[in-house]
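Structures for review follow.
Both of the next two complexes hold chain A, though its partner changes from chain B to chain C.
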Partner chain A sequence: MSIKRYSIPFLFIAPSLLLFFVFCFIPIIVAFFTSLTDWGLGGASFVGFRNYVELAGDPLFLRSLKNTLYFTFVGMPLSVLSGLVAAILLNSSLVKLKTLFRTGFFLPVVTNLVACGVVWRWLYNPQYGVIKWFFELFKISSPNWLGDPRWAMPSIILMATWRNFGYSMVIFLAGLQSIPRRFYEAATVDGADSFRSFIHVTLPLLKPTTVFVCIITTIGYFQLFAEPYVMTNQGGPVNSTLSIVLYLYKNGFKFFRFGYASAIAYVLFFIIFIFSLFQLRFIRHTVEY
Partner chain B sequence: MRDFRRVIIYVILIVAFIATLTPFAWMAISSFKTQENIFTFPPRWIPEDPTVSSYLELFQRMAFPVHLRNSIIVTVSVTILVLFLSSLSGYAFAKLRFPGRQRLFVLFLVTMMVPAQVTTIPVFLLLKRLGLLNNYLGLILPAGASAFGIFLLRQYMQAIPDSLLDAARIDGCSEFRIYRSIVLPLCMPAIAALAIFTFMGTWNDFFWPLIIMTHESMYTLPVALANLNAGQYATKYNLLMAGSVVVTTPVVLLFVFMQRYFIQGIALTGMRS
Partner chain C sequence: MKHNMWILIVFFALAGCKGKDGDKLTIWVMGAEGEKIKDVIALFEKENPDISIRIQSIPWSDAHMKLLTSVIGGTTPDICQLGTTWIPEFASMNALASLDRYVEGSDVVKEGNFFEGSWRTNIIGSSIYGIPWYVDTRVLFYRKDILKEVGYDHPPSSWEEMKYLCHGLVRDTNGDGIPERYAINLPTSDAFILLIFIWQAGGDILSPDYTNPTFDDPKIREAFEFYYSFFDEGLAPLGGTADIDLFHAFKIGFLPMFISGPWMIELLSKQVPEIDGRWAVATLPKKETGTSFIGGCNLSIFKNSNNKEAAWRFIEYMSRTENQTRWFELTGDLPAVKAAWDQDVLNVPIITAFGKQLEDARPSPPIPEWEEIRDKMEVYLEEVIYKKRSMDEALEFLQRDVKKILSRR
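Moving on, here comes the complex of A and B:
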């Protein structure tokens, strides 16, 4: 009786469950054990935590870690902040044509990342690029953007900000619209002007939304891959845009060092986990109103 | 004062709007130039003699029809599979009782937090063992179980009153019939949002097809474009821009026409989790 009763719910979830275990749950565990081997083209033997020890002293990995942190912690605030500004401006009662602006700002988000990279490589072209032209309008000479080790990462950050601020904007708009009007009415009664009610009402009530946007953006930014793959010829110049996932890709699918690549994946997982936890903790302490 | 503020806001918005759309405009303009007159400085915003020769080269002399077909096959299959499997499981998690329901659901959600790169190596080795490299199934099957889709549809289905389903059960409807004839039609907004997200995510995916599809005849459009960008065509910007237009257009059109579902979906899922 009970087998028959549960067989129907089981049939409903069985296909998802099968694919989920085969392609997600079991591989997560297998990846950890793979990271404890030297699995490569020649076979595999157990090496304990040697891959992780090697990573800690691998200058290219440390470079990719540094680059990824640079990209994330400069790029994330930029795209979140510009998304917030766009949302606040669009939310103003003074603005018409909101849908038009919103559509335009959101368009880069749905655009294929490879296409974005290819187009921006053309925009950044040091001889014929639109960006060089734009700077020269103001009589400023521009650097060799993607070709200069100091400017390559900032160039990618600018492109990523352009591509992602629309996403933050849409979530901030939803957050702004969920703030009850009565809070603003109360602030007005208390004599607050619009600037002060923004500081004391809008910003505090927007905190959960902000933390959410920051976490989602951080997770996405840590997985930086397509931009340097496409724009700087897989991490150049002189590894100045080599990211963690790019290094993982090269180890796994160029050098076929599956064990080492799995160890990189787990380090990435660990870093993302720690930062998400850290940001979540921040929300728990502050959302009380 | 009010008017002054209004002007300031509009100036900022319009400048930002132009800056955001310029890359798109430049992509489209450049794609209609010839190899000879693409390199001009200062940039020419109106092409001298616009031509579709770049598109013709992509589609007649290069393998873009094949890449386009690959992208369509994979994207359509993944979208159908994800909608079907997620709605089945979403229904079970929302409305059916079985042992371990809660724990399984939490397991699904927790694995959503694990970055996709962690499973890359084992799944690649598994697909290689199964002979599914350079095979559509290698892209379709791993994408089939979507924790996000199950979560989204379960949330939506929980709002359907149990009394409605019980009435159908008393009338002798099977669970599958209830799912198909009552639950699915009521969930259309959520299903539409999930369909758009899945279509867009699969169409734009780059990392996984790059790993699984190593034969040129199996490349999806993003992989083909990245390949064009790195090889002997790296400076043929007219071709590269035409390729970018081809990759970009379907999703941009989908977004522009379905943006109500799109933005609602993002705001919904964004706020809930």
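Moving on, here comes the complex of A and C:
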């Protein structure tokens, strides 16, 4: 009886399970074994954890790790916060033309990343760029955004925030709309102004949504690749925008070091895994309302 | 383990091959050439009615990745156009067929008919894995009118003259410390140009048997210093080169010189026809030599092709002098066969400068690790140019890192 009861749902998810197994699970396992070999131009032989030991002492890998952490921990709060602000504004009754703004803010999310990168490269152009022109209006000289090692990463963070906040905005909007009105009514009866009801009603009830958005954004940001690939000629200047995935790509597909590249992939996997666990712990303590 | 992997790959390769018709050739050609080659294919098929050809055009940006996957998955074509620097990689993956036997029996494809540097890009160990199709080399593009303005009616012929001319070209008219005219566009870090400077100084990056790096050679330091000096002395713009529109900059005279290859000829006359006749090309300024880099494309037959005879006939056809000239007329690609250069269509000043440079041009080291060594050179050169690392340390680390790359073999 129970077998029959449980077999039907499994039947329904079987196609996607099968696809996941063949195209995700098996490659993940194979990649782990690849990371234990020196598979490269000359063939492959088992080397144990030597790739991982080499990674720990590879200055370029450490650089890419540092860059990726910088990107994630500055970019993630920025895009989550701006997504939240946009969602609250769009949810309030003060804003007109809501659909227009909602679509407009979400548009970058569905626009091809490479196309965005090319356009932003022009915006940042040190000679003819709109941003340079804007700064000149106030008689401020702007740096060479993508060409200066100090400014290249902030420039990429700004572009990524612009591109991704629409996604968190949409999730937050859904979260906001699922908060029952009665909580606000109760707060009003208790004499709370709109700021207090935001702090004591909206924010706590949005916690699961916030955790979800943070995790998804963090996972996405750790895999930074296309922005520096397109905008800073694969990680320049002076490797200031070299990300982990970019370094993985270089090793795997330019230098043919598949074993080493797989080891990089596994290190990234564990970093993301640990951060996701860490963030999920927040959800555990969620109070049921 | 090593062998198992290859058995697996060969197995897949064979599985992918079965059921092919004996007279059908699949050829992969890159970029715009994939379209232009169709005219040549039609002529070939007329001459060889027993062979039919299927052309697959691959964009340059995907080409390397696509080839790599096709080699691992065993779905390679019969013939592929390969960049000269790719031959060592694919040969070492055991993907290419040795052409020794075919070259020996050929009347058309003979070593002496081709530019020496171009032929050498195909030799791995003692076997040949490709036949030169067309070549390119780096030369100096310069604005004749602007050079004349500062008293030069000829291009610089030596490093010293080059530097002297550059200092004469830089202009900062409003005195804000940022020049309105630089002397030259130099990529902030380009291993090929660095390699050219190293050869010109009389050095080389690897020992003749390609087993040991030689970055401790003072001649390499000299080349590093030469490259660095263009930025240190404010002759070339730092960092921004990637985002400056070179054509516009060349037109307005912001960057009156640059080092590049033959593809720029057509691009310049298309993008900025206004300055036609006001620019010229010249062989590179000399130090001990005036050596440049030779690149271009070769045609290779893949190991698991079962139409090797027909494929060879196609390569022979492309190597004939008249077809080399025809290809130049169709595309502007420079012929790899020397005899084609005697034709009138190639006897124009801009092209003959390339011809002269090709006489003194070398390929990059024919080892699969070149791509990784190149990346290391660019990383350290860039750090030196941005003053993030001293030159001594950069050369020391480069020596250490390249030694490690080579020891992995």
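In this section, the second predicted complex is superposed on the first by the 263 of 289 C-alpha atoms of A that agree within 3 Å, B and C clash if a C-alpha of one lies under 4 Å from a C-alpha of the other, contacts with A are read in each partner's own complex, and residues count from 1 in each chain.
Assume a contact is a pair of C-beta atoms (placed from the backbone, for glycine too) under 8 Å apart; a residue touches a chain by one contact, two chains touch by 3 or more.
From a predicted model like this one, the values you see are computed outputs, not experimental measurements.
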Simultaneous placement of chain C and chain B on chain A, clash or fit: clash
Chain B versus chain C as contact partner of A:N233, first or second or both or neither: both
First, second, both or neither for A:N144, with chain B first and chain C second: second
First (chain B), second (chain C), both or neither touched by A:F253: both
Chain B versus chain C as contact partner of A:P204, first or second or both or neither: neither
Partner chain(s) touched by A:F46 [first = chain B, second = chain C, both, neither]: second
Partner chain(s) touched by A:P154 [first = chain B, second = chain C, both, neither]: neither
Which of chain B and chain C A:P27 touches, first, second, both or neither: first
When both partners are placed on the shared chain, which of chain B and chain C touches more of chain A: B
Contacts of A:R121 with chain B and chain C, given as first, second, both or neither: both
Against chain B, colliding segment of chain C, chosen among 19-27, 37-45, 55-63 or 145-153: 55-63
Contacts on chain A seen with chain B and repeated with chain C across the two complexes: 121, 125, 127-128, 233, 253
Contact footprint of chain B on chain A as seen in their complex: 6, 8-10, 12-13, 15-20, 22-28, 30-31, 34, 86, 89-90, 92, 94-95, 101-108, 110-123, 125, 127-128, 130, 132-133, 136, 162, 166-167, 170-171, 173-175, 178, 209, 212, 216, 219, 222-223, 225-226, 229-230, 233-234, 245, 248-249, 252-253, 258, 261-262, 265-266, 268-269, 272-273, 276
Complex interface listing, chain B residues touching chain A: 2, 5-6, 9-10, 12-13, 16-17, 19-24, 26-27, 30, 38-43, 85-86, 88-89, 91-93, 96-99, 101, 104, 107-108, 111, 113-126, 141-142, 144-145, 147, 150, 175, 179, 200, 203-204, 206-207, 210-211, 221-223, 225-226, 229-230, 237, 240-241, 243-244, 247-248, 251-252, 254-256, 259, 262-263, 266-267, 270-271, 273
For the chain A and chain C complex, residues of the former touching the latter: 37-46, 60, 121, 124-128, 144, 146-149, 233, 236-239, 250, 253-257
In the complex with chain A, residue positions of chain C that touch it: 1-3, 5-6, 64-65, 68, 89, 92-93, 188-189, 238-240, 242-245, 368-369, 371-372, 375, 379, 382-383, 386, 388, 408-409
